[in-house]
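Pasting the structures in now, so scroll down.
What follows is chain A paired twice: with chain B in the first complex and chain C in the second.
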Partner chain A sequence: MNLFAYTILAGIMYGIFFGLVGLGLNIIFGVLKMINLAHGDFIMLGSFLAFWLYDLLGFNPLLVIPVAVVVFFLVGVPLYYLFVPRLLKSKDPEMLSFILFFGVSQVIEAVIIFSFGNNQRSIPSNVFGAAGFDIFGQRFPSAWLVTTLVSLAAFAFVYWYLHHTRMGYATRAVMANRDEAMMSGIDVDRISAFVFSMGLALAAIAGVFSFFIIGAASPSMGPELTTLSFAIIVLGSLGSPLGTVLGGLIYGVAIMFMQSYFSSWADILPYILLIAVMLFKPEGLVGKAARSA
Partner chain B sequence: MGDLLTISALESGYGLIQVLWGSSLSVSLNQSVVLLGVNGAGKTTLLKTIAGLLTAWNGKIVFDGIDITRAKPNKRIAGGIGYMSELGIFPNLTVEENLKLGGYFRTEKQNRKRAEDMYEYFPDLKEYRKKMGASLSGGQRKMLGVAKTLMSNPKLVIMDEPSSGLSPKFVKKVVEVLKFLHEREKLSMLIAEQNVSFIDFAQKIYILDKGQVTFGGDVEELKGNDTIRKTYFGISH
Partner chain C sequence: MLKKYFPSLGVILAIVAIFIGLPHFYDNQSFLFNLMLYLALAEGLNIIYGFTGYLPFGYVGFFGAGAYGGAIAITLLHISPLLGVLVGGVVAVLTGVILIPLLRLSGAYFAIANLAASQALYLVVANPSLEKITQGPYGIDLSSVYNANAGYFAMLGVLVFAMALVAYLRNSNFGLSLLAIKEDRVTASLAGVNVIRARSIAWMLSAFVAGMSGAVFGWYTAVFYPSTVFSLDVSVFTIVFVLFGGIASVAGPLIGALILYSMYNFIGISTPQYFQLFYGLLIVLLVLFLPDGVVSLLKKGKVYVP
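Here is the complex of A and B:
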């Protein structure tokens, strides 16, 4: 019974974090209808940013969040204008975007390995105190609590942005229909560049906290994380940012059960879930229309 | 001249495929202009190029005295062009949200006032204000599209096939509504259509064929032209 309660609670915390892992990918998909195949590599970059700032300057991971936001907006906006408007003008933007972002993924991985070696890095989880905390008589590391709260804050931010700001309102219009949004006088490129950068920053923030949930970071972990994120957002529903929470929760609880009861099978879970959703509920658990876009 | 919109020798298309081969036309202030053409003639391409959804390859677009050939779409819309696509609306947003987006760059107060005008013109929309665009009937969707386009109080309204997907009864209704709005709001409009019933209220008619404007004149001149009569008033209608 103890193991069961522990598994559920840990699964929920993991799940909320995995929601954050997929969130950036999903808002970019929502606005651009493109899958950022380099998503996992931006998570990896976030991890490395956090590691260096911790290792060299003793930064607490929480302090890395504002740094990551600034850095990834500075990277994201030019990256958007360099690639995406041209892609969107092409005949088959989806296919070309796969190839392009796959290339970006390879480049990021190669540059990091070339510059810093293919080593695993980590931040000790006692950075948030070694004491741990109790829920219903189960003890968990403090780092999990912090990670869960940060992930919840990220979701709250995205919800607030989409539903309570003028730009968020325009963003929802672009998500609903890009051309119609343009014809309503919305500067679609400006909104897209902002959301694209926000997606990268959210990926990086997931990376900052991935040490405490996923474990050590390595330069080559990107593609696997992209697949995982893809499975999570397909579970929730493509293009519906808040559906990502549900996808993350299902994945988090499922992976915890696998690890507790059938640990040797846990690695194939994302693929099993992906296939199951595709077979039985291809529109995702909360979605309906996103796929037609 | 007094022209609100002047297009000269416009060339445009998709990817490598050229659709417009030097089209020229003009719309004056308060004038209703109908652009007739069969499917594939390039009507949508022409309108999209005016609105900025497609880039002009060559030629010139002057609107309200300003060369907008290279302007960004949102600048053109803010400058006074109202564009209604064939879809016309955001199907997965409510009627109210659609109207609000139609006046995106105007103040909340202006939008509320303008929405009241729209609800007065289209009482159906008021009743369905909380409903999704997708749940409306085909005719109501067109009305929502028209209302959404008028929300920003545009100097020029351009519409891509407002009759598409409608039964003849509703086409007649759309024609009546546009005729009424043209008089009531003193609209300047450019409407692309393949349905000839729209020439009913047209002060000027252009015919687009294979990416070129082959005729420009009023209804009398149009009816006096043999080839055109065969194409548009012949057995097909």
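Here is the complex of A and C:
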């Protein structure tokens, strides 16, 4: 019973974090209808930013969040204007963007290996104190609590942005229909560039805290994280940012149970979940059909 | 009627002549073998991606399935390696049959689901609990049937088969109906194309080529690990070669693989990151400026591309 309770609670905390892992990919998909295949690599960049700031300047991971937001807006806006308008005009934006972001992912990975070497990096999980905390008689590391709270805050922010700001209204209009949003006078490119950068920044924030949940960061972890994030967002619902948290929770609890009871097969879970959901419930658990052939 | 096949036939004969003649002047057989391997894989991927538009990111799954299928048949059933190559192809086709439902997904969703499928297959094959059959993560040892020259010519055979398939698709009504599906599935089916049957056949042919290539690779290398034959790099390289050369022709993927793999071998093999960077940038630039590959330049110059 003890293991069971531990598994459920840890699964919920993991799940909320995994929601954050998929969130950036999902809001970019919502606005651009493009899959950012370099998503996992932006998570990895966040991890390396956090590691670097911690190692050199002793930054607390929480302080890395504002840095990540600034950095990834500075990266995201030019990246958007460089690639996306051109892609949207092409013959097959969906497929071409997919291949293009794959190229971006290769470039990021190579550049990070050049600058940091192909090694694993980590931040000790006692940066938030070694004490740990108790829930229902189970003891968990403090880093998990901090990670869960940060992830919840990110979701709260996205909710507030989408439902309580003017730009958020415009964003939802672009999500619903890009052309009609443009005709009603919304500066679609400005909104898209903003949301694109926000997606990258959210990926990076997930990267900052990935040390405490996923473990050490390595330059080549990107593609695996992209597939995982994709599994999570299809589970929740493509293009519906807040559905991501549901996908994350299901994945988190499932992976915890696999690790507790069938550990040698746990790695295979995201792939099987992804294929199963795509084939049998392609519209996700909440949301509308978007992708049948 | 057969006249339209002549240009494609010319290309195939030229490739055969190159790979029979070159070993007499150039003694790095393993480079030539790998070059043929990637030429065959590029043509195999061309069958499904070039003609139907389904981008198989998990193409390496067929390659690995073929390598393991062939190797297990050779070691457990004691069949001859050549027959093992055929078994490898069949195992890959069976894998393809299991994955046929994925063809219901479109565009990027198919690509990602296929990637997931190949990773799932890798994790099954490499799982320590299956050690009795697949040796788990410890790899396969085929050194008892090792024969480099036979493997070399088997690879040439697979390559010729792959090129002949593409030549057939390039010049036949069946190939045309695949291109129609790629252009517009609904219109194609209204025009009388059996969409589901046609795309499934293309998918299985493509799997067959990759499976046989994997089995020959296993035979030629003699010792391999699941991480080698299920490495995502195999998919990536093949996709880049095909994109660079140009899809839906016999010559395009050959040109792409010949140029890029030779470059990789002469410059990049010691520091793969340089090449990863180069490939990444190349992909970005291709998508933005030359989405139809190098052969589109020839087509612009009114040159017929077989």
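As a working rule, the second predicted complex is superposed on the first by the 288 of 293 C-alpha atoms of A that agree within 3 Å, B and C clash if a C-alpha of one lies under 4 Å from a C-alpha of the other, contacts with A are read in each partner's own complex, and residues count from 1 in each chain.
Following the convention adopted for this analysis, contacts are C-beta pairs under 8 Å (C-beta built on N, C-alpha and C of every residue); 3 or more make two chains touch, one makes a residue touch a chain.
These numbers were taken from a predicted model, which means no experiment stands behind them.
When the two complexes are overlaid on their common chain A, residue A:F114 makes contact with chain C while staying clear of chain B.
Contact with chain C, but none with chain B, is seen for A:L279 once the two complexes are overlaid on the shared chain. In the superposed model, A:Y159 makes contact with neither chain B nor chain C. By the document's definition of touching, both partners, chain B and chain C, reach A:K91.
Contacts of A:S264 after superposition: chain C is touched, whereas chain B is not reached. With both structures placed on the common chain, the touch criterion links A:G185 to chain B but leaves chain C unconnected. When the two complexes are overlaid, the chain among chain B and chain C that reaches more residues of chain A is C. In the superposed model, A:F102 lies in contact with chain C only, and not with chain B.
Of the two partner chains placed by superposition, only chain B is touched by A:N177; chain C is not. On chain A, the surface patch touched by chain B in one complex and by chain C in the other comprises residues 90-91. Within the complex formed with chain A, the chain C residues making contact are 53, 55, 101-113, 115-117, 119-120, 123-124, 127-129, 185, 232, 236, 239, 243, 273-274, 276-277, 279-284, 286-288, 291. Note for the complex: chain A touches chain C at residues 35, 83, 86-87, 90-92, 94-96, 98-100, 102-111, 113-114, 118, 223, 227, 230-231, 264-265, 267-268, 270-272, 274-275, 278-279, 282, 291-293. If you check the complex, the residues on chain B that touch chain A are 14-15, 51-53, 55, 72-74, 77-78, 83-85, 87, 89-93, 101-102, 104-105, 148, 152.
In the complex of the two chains, the chain A residues touching chain B come out as 89-91, 170, 172-173, 176-177, 179-189, 289.
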